[in-house]
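For reference, the structures are reproduced in the following blocks.
Shared chain: subunit A. Partners: subunit B in the first complex, subunit C in the second.
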Partner chain A sequence: MNAYDPVGTKVFETEVLIIGGGVTGTGMMRDLALRGVNCLLIDQKDLNAGASGGNHGLLHSGGRYAATDWQTAAECRVEAQILKNTAQDCIDECGGIFAAVEGDDPDFAACFPDRCAKAGIPCHSLSPAEARAREPSLSDKVFAAFAVEDATIDPFHITLGNVNHAQKLTDSVYCPHTEAVDFEVASGTITSVLCRDNRTGDSVRIRAKQVVNAAGAWAMNVARLAGCTDVAVLYAKGTLIISNARMSNGVINRLRVPGDGDILVPGGTVSLLGTSSDNIASPDDVRPTINEVDRILREGIGLVPSLEHTRFIRAFSGVRPLLQTPGTDVDGRKASRGFRLFDHEDQGLSNFASLVGGKLTTYRLMAEKTGDLVARRLGNEAPCTTATALLPTGEADRWTKPGFAPRYWYKRNDPTDAILCECEMVPQSAVNEIAADAVGAEKNMTLRAIALRSRIGKGSCQGSFCAARVTSHLYERDVYECGEGRDHMRDFVSERFKGVRPVVWGKQMPQMELAEALHCGLMGLDLQDVGNNENGDGTA
Partner chain B sequence: MAEMPNIIAPTIDFQAKAHDLLPDNASYDSCLSCGLCSSGCPASGFDGMDPRRFIRMAMLGLNEELSNTPWIWTCTLCQRCAYVCPMSIDVSVLVGYARSNWPKDKKPQGIVRSCEAQMRFPSTSAMGVMPDDFVEIIEEAVEDLRDEDARFKTIEAPMDKKGAYFFINQNSREPATEPEELAPLWKIFDYVGADWTYASKGWAAENFCMFTGDDDAWKEMVKQRVDAVNELGCKVWVNTECGHSFYTLWKGVERFGLQADFEAASLISYYAQWIREGKLPVNSDWNTQGLKFTVQDPCQLVRKSIGDPVADDLRYVATKLVGAENFIDMQPCRSANYCCGGGGGFLQAGMNEQRLAYGKRKFDQIEVTQADYVLTPCHNCHSQITDLCDHYEGGYRVIHFWTLICLSLGILGASERRYLGPGLADIGLSKSTS
Partner chain C sequence: MKRQTRHHNVQLAVIGTGLAGLAASIFALERGITTAQIGNTGAVAYTTGYFDLLGATGGHVINDPWQGIDALRRVEPDHPLSRISNDDIRTAFVLFTKAVSAMGVGYTQLGERNQMALLPAGLAKPTLSVPNTMMSGIIARERRARALIVDFAGLQNFSAKEFCANMGPSWPGLSAVSVAFPDMECGGQLYAEVMARALEVPKNRARLAERICEHIGDAQYVGLPAILGIHKPDIVHHEMEQLLGVPLFEIPTLPPAVPGIRLREMFEQVLPKNGLSLVPQQKVQRVEFDAKGVTLYLQDNFGDVVIEAEAAILATGRFLSGGLVADRNDVREGLLDIAVRQPDNRADWHRQDYFDARGHPINRLGIDVDEQGRPLNAQGNLVDERLFAAGTVLAHQDWVRQRCGAGVAIASSYKAVESASKILINTHDLRT
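Then we have the complex of A and B:
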């Protein structure tokens, strides 16, 4: 406790403070815990609130970058295989196709096998008929196609699994909605990081031997809090849309220079089409727009014509934190997908590191490099073991997997275990388990926090029913009191609607009419005073 | 907690099948998860299932579970889910498909045996009444009627009469187990001077093959019946007081693209027409006790087939018969009516506990009307609603329309009153025996 701290300031001590609860930060937490290191992980919001939650969930074969960035491509290949071996439960080895359709550059397509070969990426040629046999939804205008070893990964499952494992190994701790606001530095060493609990406004002081900045799109801001000016992040906003049903067996990539709407990725029971890429000035408050959705869709239809009549249930956006090196192009599509570890020693700090750039597919490698640096600084000689150690997941962390909850519920056949979320068939026992034991579970867990750890609100009704049902259930269990459940509900459905809004046409239109009737007509959520939401700023 | 069944059937890709079998805008992909289907489905809750869950499980890829759930035999295929669905999604289509997918020896054997009996003889009778037996039973019953009541000493029940205007079908229950219930219908035809005939082939009404999910057998049954009508050159095939037998032929002709040289009609429509035309001068004068009546709309006839016109006719006939002040509708009713639980083969499936639980909603609906009698032009409704009354100790009785029409006209014989209560046992008898 510092003499100047406000009354009630909580104080934590840890060996390593990690800032940023994305896949990299949690990967680092597990990496270090496997070396016996105790970590404290904080995030200004919650797990995967940035790019880790705003992506395709694509475990790249590397084919995507074979033409433009063969080193990243090669890294993708190696890392994807490691994850397939160690985190099988989070991965769907569905395979992938690169396909060029009439109008695409035939030369680019013709070079593809050689470029893959250079990066060591397995790829074999398919005739158009073979490609369409594998993926019946593929356009009949395909003239070149190659099969690659793409897979999909559930980024929520893997993040929850990382934290869960770290907690078990070294009693490491995760604190959600805890934002770093100031660094205390003495003699080139960070002595404390001062934080604010964004839900309560309370102050938190964290003393750590080492501090790691894995804040993704916010990494530049965090580095500057510590006085470091060497980190430069390019913010490339990407928007994706989610279909109501799975549209392909595997990943379908457009075989051309990467552009908008050229990857369709299955996500369990749905598919994700994306992305767009637009440079933006700030990573905060991004939301998908109609214009982006139109662009993605227009391009996607060329590859998979049935997208024109597909029901989409939601759009979402993420911000790619791209490494900006001086003098390089500022086009997000052309910027490197590589990553860089800053040790900040030239900035006069001896116990601070920042990790910038990279990809979901290469997160483990990024965590390993950072872990090596941090372990060395701590005098810890244990080697990194994440390339071989299997990732266990906790019971309360298994609910993000599409189709898991309904199978679990159906098999148990317990008529007293009511289904709360009908679209994704999530029973109340799952909600109870998450509220009690999931990674980051706490008193008064918000609906958004529960949804992050399950499939709640992710189905076609986008929270129309489950928001009210889960809230009621939690009131009944005395988890919520007074108006807080209502505020969480409004926050949750507003957040969902932000994503639904740009895709409200066709079959999703009556769905949203129904949602409006429930949320506004029945519950009057639009008429109540705007309370505090998770953003703390009254925005939806 | 009941153990879930083992793997019984091959796995179906339900989402893909729904895409194939349902209209694009009314396929599973259009589901709003609103639950209107489930809240109005009496089979909701059995085996952890309901219509919405069926759709959601299909969308979530729980194909193995859906392929094997016994719930498909507690759904009566009544299509109330489709009727109330804002997106018009018909869950019964895939339930029927799932039924077809079960190996024959695992399906409820009562339904399977009924279908097999139908396939055995050209009668198409589920109770195994052969053509010769049918002709003989009808002849005997006509003889009995002529002897019993002088007013009908020349009455006929024509058989295989070529060129007759009406081809009349007949539920097997009467010839097989209660032949005394045949005569009221003939008396009505006699009264209005209808030109009609039975046929020795394809006369039976019921079609349990449809409920086994075996499309080929369904088609075969309908084809034999259609051929029989075509062969006699009748103008109108009249479905008597039996619900699913209308649907099975009417829908079957369309579904299987059969050539039917006749119109399919419900006897209820003709009852109404004949009353309007003054040919059946029924009235409610006999109802001096103010007995109360309600009507069970057979799902197969009303919601699944003709809809409002026949629901209107049912009420027109009923109010003429019992007096408007003595008629109380169940709520909901007409095309939104709840299935009683006797349909879809449920009565034959041997799942009595579920069937009675399913019917509790119907029983409660009837009890609220405080009706003394439930009128229903459907044998399955008749049996089920009678069972419900026994099981839940209700105070009502279930009757056919033909009984009441003859009662009102003063032509109901003493032996034709098995479903009437003591209060009506003697009404109109003096005239009929004079």
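Then we have the complex of A and C:
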């Protein structure tokens, strides 16, 4: 404790402080824990709050980058295979195709196999009839198609698994809602990182031998806190929409220069159509817009015509933290998907590193490179083992997998284990397990934290009913007191609404109307003054 | 089986079986108008059972609904309630609640002001008329009396602990207890409707009362989720009070909830006895207007149904019941494609913040009507002089946020029936 710290400041000591609870930060935590290193991971919000949670979950075959960036493409191919071998539980090897439809550039399509070959990406040509036999929803205007080894990956499962594994290995700790606000530096070394608990406002002081910045879209802000001016991040906002049902067997890519609405990715029982790309000035408070949704839908319909009449349940946005190197193009579509590790030694710091750029598919490699640097600085000679070590699935981090909860519930056959989320069939035992054991969620359990660690709120009702049921259940278990649960429910349904708003039409409109009748009419959540004041009648 | 076409020949056809349709049928039958009614009864399972007149504006509670309507006339002159006189609204409300009470679901209105009625998660809302089974809860809360709130293991739609935690700051005398429902002790999932039917049997009431009595202690009131019978709630309520020895009240639950099921079953059982030709759970497919009158076409399991009437009331509700339909960038009326005045773009349907106190513009879209309650087309002319509209399909109101759903349904149905009666031949008004 420092003499100037506010009263009540908590102090943590660790070997390595990692800032950013996305797939890269958690991947580093596990990488280092496998080398025997104790880490402390913090995030200003919670796991996967940035790009790691705001993407389509594609495990790239590399085909997408074959034309523009063959090194990244080759990296994707190798890394995808490693993840398929080591994190099988988190991956659906559904395969994928690239298809060009009338109006697309035939030359681009014709070059595709050669470009894949250059990056070593397996690819074979399909006739239009073969392509449509594989993917019946594909447009009948297809003129060229290729099969590739695309797969899908559940980024929440990966992240939860990484944290859980690191906790088991070296008692590493994850603290959510903890934001770095200041760095204390003495003779070229960061001695402490001062943080704020964003829920309580309390101060936290963290002393670490090494500090790693894996803050994704916020990496530039964190680097600047440490006085480093060498990190530049380009913020490219991407919006996707989620359909009510799975629309294809595998991934369907548009075979043309990357653009809006060029990819349809299955995600368990649903599909995700993406992705827009717009450069923005700040990575905070992004939300999907109607304009973005209409743009990706208009393009997507050209590839898969049935999207015209598909029911969409939600849209969401993420910010791609793209590496901005001096003098390069600032178009997010053309910016490199590669990554760069900054050791900041030229900035005068000896125990700080920042990792910028990269992709979900290559997160393991990014963690390995950073782990090598940090381990060397610590004098730790253990090699990286993430290329072969299997990622275990813990009891509390298995609930994000589509279809797992209903199978578990059915097998368990306990009549007292009531279903709280009917869309995704999540029973109360799942919520109990998450509330008890979920990494970083033990304290101050919120609906958002439970939803992040399960399928709750992800079905077609988008949390209208299950938010109320889970809240009641948590009151029953004495997790909540007074109006706390009600505030969490308000917060949760408000947050969901941001994603639902741009896709409310057709069958989603009665759903929305029902949600409002439930939350406002039946539960009175819009009349905040009622019940809390002395009179209890809403009068001042 | 031979399929046949069945014909109904009536004076008035009511399209829709929600609260507005129900009110329209009641008012029409009272006037001696022969009436047929068609529609789905979907949304009624989502009601608390309270009949609101006007309870809130801009996120704030309105204590006096009549003053509230006077104020509404100045700021929202197009609101359906603004266009009906307070005398007519009052007459309609009284007639309707009396009729519903007489049919077996008793309602009480405590004076002219709104009461703060209890909600499932422990908040309260302003309302005007309350089922008798729920009345004591309002009084107990006003008195801050000691009350025991009971829930049931396995009934997910209501948590006594949650109710007490949220209500506690303004009502400290609450305590929560969980009991097992007779013959449903295994802890599996319970359904409020099944429990309510069980409590129509005297033996089950006695057993439940015995279990609750163990926990009453010094409580002055007992509160239960709404499960006190489907068909004779007032009798079940009264007898349970006798058994418990203290006043008892129901608290509405999350859906599917008993208060709405009561209204639906009462409506389906009693009104046909009073002369209503009811075609429940069906949707009208087509409506034609010709020199003879209005003709409605639909189909059920037995074949085609044709209803010929002199006038029709459209009480089809909003999106949930199909009265309105939203395409990607366009809202339309679901049956006759009546004009819906609306913004150019979907971006103006909802505000950015879900709980914005102003409410969402989409909820105020609907049908425009003339002073007689007749829908207007895009040019401002009558769709047909024999067509009337009532209830939440009407534009310029936000029934959820303004807590005016029952008020709009009842008052606009009253006006629609009154206007329709003027163009009917040979009515025998039962009221004279």
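In this text, the second predicted complex is superposed on the first by the 528 of 540 C-alpha atoms of A that agree within 3 Å, B and C clash if a C-alpha of one lies under 4 Å from a C-alpha of the other, contacts with A are read in each partner's own complex, and residues count from 1 in each chain.
Rule of thumb we're sticking to: contacts are C-beta pairs under 8 Å (C-beta built on N, C-alpha and C of every residue); 3 or more make two chains touch, one makes a residue touch a chain.
None of the values given here were measured: they were computed from a predicted structure.
J.: Just checking: does A:T189 make contact with subunit B only, subunit C only, both, or neither of them? Give me first, second, both or neither.
T.: Neither: A:T189 stays clear of subunit B and subunit C.
J.: Of subunit B and subunit C, which one touches more residues of subunit A?
T.: If we count touched residues of subunit A for both partners, the winner is C.
J.: So, does A:R469 touch the first partner subunit B, the second partner subunit C, both, or neither?
T.: second
J.: Taking the superposition on A as described, I'd like to know which of subunit B and subunit C A:G524 touches: first, second, both or neither.
T.: After superposing on A, A:G524 lies in contact with subunit C but is clear of subunit B.
J.: In the overlay, answer first, second, both or neither for which of subunit B and subunit C A:N432 touches.
T.: neither
J.: On the A-aligned overlay, A:P415 touches which partner chain: subunit B = first, subunit C = second, or both, or neither?
T.: both
J.: Just subunit B (first), just subunit C (second), both, or neither: which does A:L514 touch?
T.: In the superposition, A:L514 touches subunit B and subunit C alike.
J.: Which partner does A:T385 reach: the first (subunit B), the second (subunit C), both, or neither?
T.: Touch status of A:T385: no partner.
J.: Touching A:R490, do we find subunit B (first), subunit C (second), both, or neither?
T.: The second partner, subunit C, only.
J.: After the superposition on A, what does A:T86 contact: first (subunit B), second (subunit C), both or neither?
T.: neither
J.: So which positions on subunit A get touched by both subunit B and subunit C?
T.: 415, 419, 465, 510, 514
J.: What residues on subunit B touch subunit A, complex-wise?
T.: So the residues of subunit B touching subunit A come out as 1-4, 15, 24-25, 29-35, 45, 48, 52-53, 56-57, 59-62, 65, 86-87.
J.: Using the touch definition up top, name the residues of subunit A that touch subunit B in the complex.
T.: 244-246, 269, 309, 311, 402-403, 406-407, 409-415, 419, 422-425, 459-461, 464-465, 507, 510-511, 514
J.: Give every residue of subunit A touching subunit C within the complex, in rising order.
T.: It comes out as residues 287, 290-291, 415-416, 418-420, 465, 468-469, 471-473, 475-476, 478, 480-483, 485-486, 490, 493-494, 497-498, 501, 504-506, 509-510, 512-514, 516-539.
J.: Within the complex, which stretch of subunit C touches subunit A?
T.: 43, 46, 48, 56, 59-61, 63, 116, 119-126, 141, 153-154, 156, 158-159, 161-162, 165-171, 186-189, 252, 254-255, 318-320, 325-329, 345-347, 349-350, 352-355, 357, 360, 362-363, 400-401, 403, 405
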